[in-house]
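For reference, the structures are reproduced in the following blocks.
In the two assemblies presented below, chain A is common to both, partnered first by chain B and then by chain C.
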Partner chain A sequence: MGVPARRKTRHGGLVAWAFALPALLVYFAFLVYPALSSLWFSFTDWDGLSAGYNVVGLGNYADMAADPVVRQAAVNNLIWAVVTVVVPVVAGLALAVVLNGTVRGKPFLRLIFYTPAVLPLVSVASIWGWLYNPQYGAINAALRAVGLDSLAQPWLGQDSTALGATMVAAIWLRVGFPMLLYLAALQSISPDLYEAATVDGAGKWQQFWHITMPGLRPAHYVVIALSVIDSFKVFDLIYAMTYGGPGTATQVMGTWMYFNVFQYNQAGYGTAIAVVITVVAIAVSIPYVRSQTKEHAV
Partner chain B sequence: MTTLLVPDTAVSAEQPVAKKRRGGIGATVVMTLVALLWISPLVLLVITAVRPLADFISHGPLSWPGTFTLDNFTDAWNIGNFATTYRNSLILLILKVPLGVFVSAMLAYALAKLRIRFGAAIMYTVFLGLTIPIYITIVPVFVMARSAGVTDSLIGLIGPYLAFGIPFEVLVLQSFIRQIPDEIIEAARIDGAGAWRIFLTVVLPLSAPALVTVFILDAVATWNEFLFALILLNSDAHKTIPVGLLNFQGQFSNNNTGLAAGILIAVVPILVAYTFLQRWIVGGLTAGASKG
Partner chain C sequence: MNDNELSRRRFLSLGGAAALAAGLAACTGTGSSDTGSTGGPGTGAKTLRLFTYEDNSTVDLLKAQVKAFDQKNGTTTTVDSLPGSGAAVYPDKLRTELLGGKGPDVWRIWGGQIGAPFVKAKQSMDLSAYYTKFGWDSKLSPAAIEGMTFGGVKGGVPFIGAGIGGWYSKAAFSKAGISAPPKTYGELEEVNAKLVAAGITPASLGGKYGWDIMRLFEYLLEVSAGPDLHDKLLTGAESWDRPEVVTAFTNFKKWQDQKWLPEGAVGLDPADVENWYVQGKAAYTMTGAWTEAQGIQAGGKKSDDFGVFQLPTDQTPARHSGFVEGYMVNAKSGNPDMAAALIDFLVQVDTIKALKITNAVVTGAEPDQATLPLSYEWAQGPGKQPFYTIQDQALPKKQADQYFAVQSDVLQGKTSPADAAKKMQDVIKAWDKD
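== the complex of A and B ==
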């Protein structure tokens, strides 16, 4: 107490650790330790129930390479990542630019576009499962109403459309987030730039490419990073909407991991699947984490 | 923290008024139509939930109801076990959210103001948690809960929920606390206040906007969490709203109007809360993410 000049240059010592400890303990006990523990289980043949297990080294990883469902799940994850990142980011940017312009009722419109994002994913799955219902769903009813009876089909019940149908639901709920971030970022671009450009005779499109897009560069980075991170976590929506089916048509790594652990009693194999996708997710998002740390580090 | 709360009015005020009007109408009409399409699933859900099943089947999902009823809600409420799942979700919210926000604020304070040793390494480790998918942890968490005897209990969910909430909460809170002028903290210290009292009487009150935001976002995430609840809770008496809704969906797959009512029962609280608190939600999301 009473030595502020020294404190400024020195570390906070035990007091600082006392403040940090509760959160760090919980974080390590329930996130870091389980994640590392999964890495260990992935080298075993544990079934998830018995007391014992054997260490099988990289056996599970070798099995994964030969598992056609893993291949399908990996491809689905990739498609899912590309589509549910690109479409919401582009659409969210378009919405933000329009909402930032001369449109009326902006708070209300913004409210509507972000609404799906606050719903439990299970309820989003229920809502879309209900819309896709082959017989009584609104989507087929709408197609029939405009004479497109031939397009009415069991959207979630056939291989060719099931994955696409789940991604439509994901797009519905994920457009709002990039829109919000871009709206905030747009307000940091000086209106003077647009005014000067207008005086110089630049059209709206030119202004978008030469003022708006460069001005949004930091936002692009954050939006895309967070969207990619989010896309790797896909589980709830697929599980509740299609249960990975029909067959294995909509399996992703998260659901296939779950089925192996809790349905087929292959905890070792399941955790190996989880390890692979987690490693990919971390590798992709390390630049983002690093930038966040650099931003704040003293 | 200029981005924490973005005022709605700061929108291109520089444009000439005449031009604003002319461009405004076309864009407003188009945006309104798109917004209607976007919200139409929820509108259809409401319309379906308030009509009898027979009316729905004979006239189709896109028709206006011939008669109105609230029976679907009472059926769904009773069969869907919603009294229990609501209670469980609320208990979890009350136990978990204040505790999570409080310990996150403590860590955030240590990182932002107490010059903790290895601060950058701690931040890196904690922020990395933002990228970890829940399913990498479920097998060990299940094993831990089983050996502690807290499977099929709300208590077993609190640890994992806290851990997965901490990264985002710390990210937002520490960047807010960092903005508090050092002079204020220094003044309190000269007055004889220790770190703990400074935290409680200076840092927390000054961080109120960020705390509220983080509290709301954490409450939404807790209310919606599915995977941990799915693997840890077995009996109907302990299920939370998302898991209960999934069961309900299975039972009501042939009763479209009842299903619509059940989905609404599950989402209405969150929709109401979002509508009233959206200013805080929007501000928080923006604050947590706009630091590229």
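== the complex of A and C ==
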């Protein structure tokens, strides 16, 4: 009994590998090899331009520990991850629940809330850059119009508000994605459950906690995991809105890696930062990958 | 081990590898000497590629001139431009192209510490032999050539030497009761005070990327330190922890506190702010002669309604900040002779005039007085004065960013002028140590 099964596995395995080979070649050539190259360069002092370099071992990693901007960037990343995951997910869920109900103009509202998600990030950065302009921007103009002059700020021009201001743009941009996934997930919850709960005297709030939330559990995994991974990749919005400034106030690991590799001619050090970002991203994505694997296995 | 576990483990390992690869692949490169193979640039004896950062208003002029060169020499030259990218982005693109082995044969670049890494890494060619061949030493300004010489290597050919001056709206000055541009630093402060009193923002400067705001600080440093000390500070020959630097930072803060700068200037994009003096939102800006064609005239305004003055330093010689731009040749170009010939063509007087360059360093290529009267006025007056290198070219990018971070902290009141001077000394000392 065992012999034919083994033969089948081997035969099937070879065919599978043959079919996978072209994709694997591309994968290794364009992802694995460059990644391993970068890992190697993180142990060197390569300037990113010259033909030669020296091996410095773990020197770049030791330098990271002493780099105050790395510490600041890591804290900024953490704040960014918490705020730009929690707020869009909660807001997206709320919008999905509301728009799944009997609101008038639902298609239009869905379009409105999802539109920012399809805009190019550079455009989003420009739009919010204009809105935040201290003298001519709409935000300060609105505050002044209602007598709140004291709240008008140079939003992107001071350390105390710059990171928060960019996070507002990120929230505006990202709220549509969880909303869309939750809306899709809500369609899969049987209306019969709500009808039965209503008959049994359950209120809206009870229905939400005992029917809607459990029904959205698979969606929660996807939404939260993808949002967390996305938040660790933050780069373009910060780069385009503040260029990491004022000073280094809005530097995150991604931008600091970029500055070192491409602007400071410290490619070795920059790739060491990239390695750390990647390790952290993998660590936080493991629960998501595990959940997806379980699903596929089932 | 059951199938599910195996599947999960495989999936995890592949997923991990994918994430690792995706994260790292973005910043990989190659340190081998194979970079920039000769298969890229100029593979054919008659094929060239020129990379520049001309904007839409000038790139067609350049293409027309390059076409004329091609017709004369039987070459085919491609012009690629990354318009509006500035020194913050363009060198990155260039670096990536060079490392990818498809670098251009000729590229435009700023002098000082922006161009230096390409020479240091031997990505650009030593052009000394072509200087002799084409006689560039006698055709081009010696100061500009110095700006394209790195560690004794003539790594580039300058064609622009831009000086930074005060470009102002006559209407704004008139509204504030100002009859003439300032001649001393004290008068400039008086001008600022009058403009604020008239409800006009004096200087339209934005600090994103450091550009503009750093122009102001380096000017204030020239005022308080004077030419000799200023130059020594930039090379680390003198300590920054001194009264002259503290004075410069104190004045710098004063410009913001007195509202002589736009609100939140540190976070404003210079591209948005610089033309406010043309649009009637501010009185003047600190910029180069390109603003006449690209700001005033492109904005549909007449040059007669604006003026230009040298920012008064009360020092001798009266210097202004300036910078050099030029061309470099790829060390791995397949056709360096033709690449050099292209550069020689581009620095001819007739070509410079056809390109409407207002601040060329080529003898005999002064701006046309009829079409660009303010640029001509600048070239004939302040433009002839010596200049100090703008500080994002005088310092490597990393130190320039740290310098700007210190300036940003001063403007936000997070660092006192005295502490800022100490911090700058630390920055320069660390650079020296590196």
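Here, the second predicted complex is superposed on the first by the 266 of 298 C-alpha atoms of A that agree within 3 Å, B and C clash if a C-alpha of one lies under 4 Å from a C-alpha of the other, contacts with A are read in each partner's own complex, and residues count from 1 in each chain.
Operating definition for what follows: a residue touches a chain if its C-beta (ideal position, glycine included) is under 8 Å from a C-beta of that chain, and two chains touch if they have at least 3 such contacts.
If you're wondering where the values come from, they're calculated on a predicted model, not measured in any experiment.
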Clash-or-fit label for the pair chain B, chain C on chain A:
clash
Which of chain B and chain C A:Gln207 touches, first, second, both or neither
neither
Of chain B and chain C, the partner touching more residues of chain A is B
Mind working out whether A:Val289 is in touch with chain B, chain C, both or neither, as first, second, both or neither?
both
Pick one for A:Gly129: touches chain B only (first), chain C only (second), both, or neither.
both
On the A-aligned overlay, A:Tyr264 touches which partner chain: chain B = first, chain C = second, or both, or neither?
second
Give one of first, second, both or neither to describe whether A:Ala51 is in contact with chain B, with chain C, with both, or with none.
second
Applying the document's definition of touch, where does A:Ala16 land relative to chain B and chain C: first, second, both, or neither?
first
Can A:Pro246 be said to touch chain B (first), chain C (second), both, or neither?
second
Return first, second, both or neither, reflecting whether A:Leu31 touches chain B, chain C, both chains, or no partner chain.
both
Clash-bearing segment of chain B, relative to chain C, as chosen among 94-102, 148-156 or 256-264:
148-156
Using the superposition described at the top, list the residues of chain A that contact chain B and also contact chain C.
27, 30-32, 34-35, 37-38, 41, 48, 129, 133, 136, 257-258, 261-262, 267, 270-271, 274-275, 277-278, 281-282, 285, 289-290, 292-293, 296-297
The answer for chain A against chain C in the complex is residues 27, 30-32, 34-39, 41, 44, 46-53, 129, 132-136, 153-159, 162, 242-243, 245-248, 257-259, 261-267, 270-271, 274-275, 277-279, 281-282, 285-286, 289-290, 292-294, 296-297
Give every residue of chain C touching chain A within the complex, in rising order.
3-4, 7-8, 11-12, 15-33, 35, 88, 91-92, 95-96, 98-99, 117-118, 120-123, 201, 207-209, 262-269, 272, 281, 396-398, 401, 404-406, 408-409, 412, 414
In the complex of these two chains, what residues of chain B are touching chain A?
3, 6, 8, 10-15, 19-21, 23-24, 27-28, 30-32, 34-35, 38-39, 41-42, 44-45, 56-57, 60-62, 103-104, 106-107, 109-112, 114-117, 119-120, 122-144, 159-160, 162-164, 166-167, 170-171, 174-175, 178, 186, 189-190, 192, 194-195, 199, 220, 223-224, 226-227, 230-231, 241-243, 245-246, 249, 256, 259-260, 263, 266-267, 270-271, 274-275, 278, 281-282, 285-286, 289-292
Within their complex, state which residues of chain A touch chain B.
1-2, 4, 7, 10-13, 15-17, 19-20, 22-24, 26-27, 29-35, 37-38, 41, 48, 95, 98-116, 118-123, 125-131, 133, 136-138, 141-142, 145, 172, 175, 177, 180-181, 183-185, 187, 191-192, 194-195, 218-219, 221-223, 226, 229, 232-233, 235-236, 239-240, 254, 257-258, 261-262, 267, 270-271, 274-275, 277-278, 281-282, 285, 288-293, 295-298
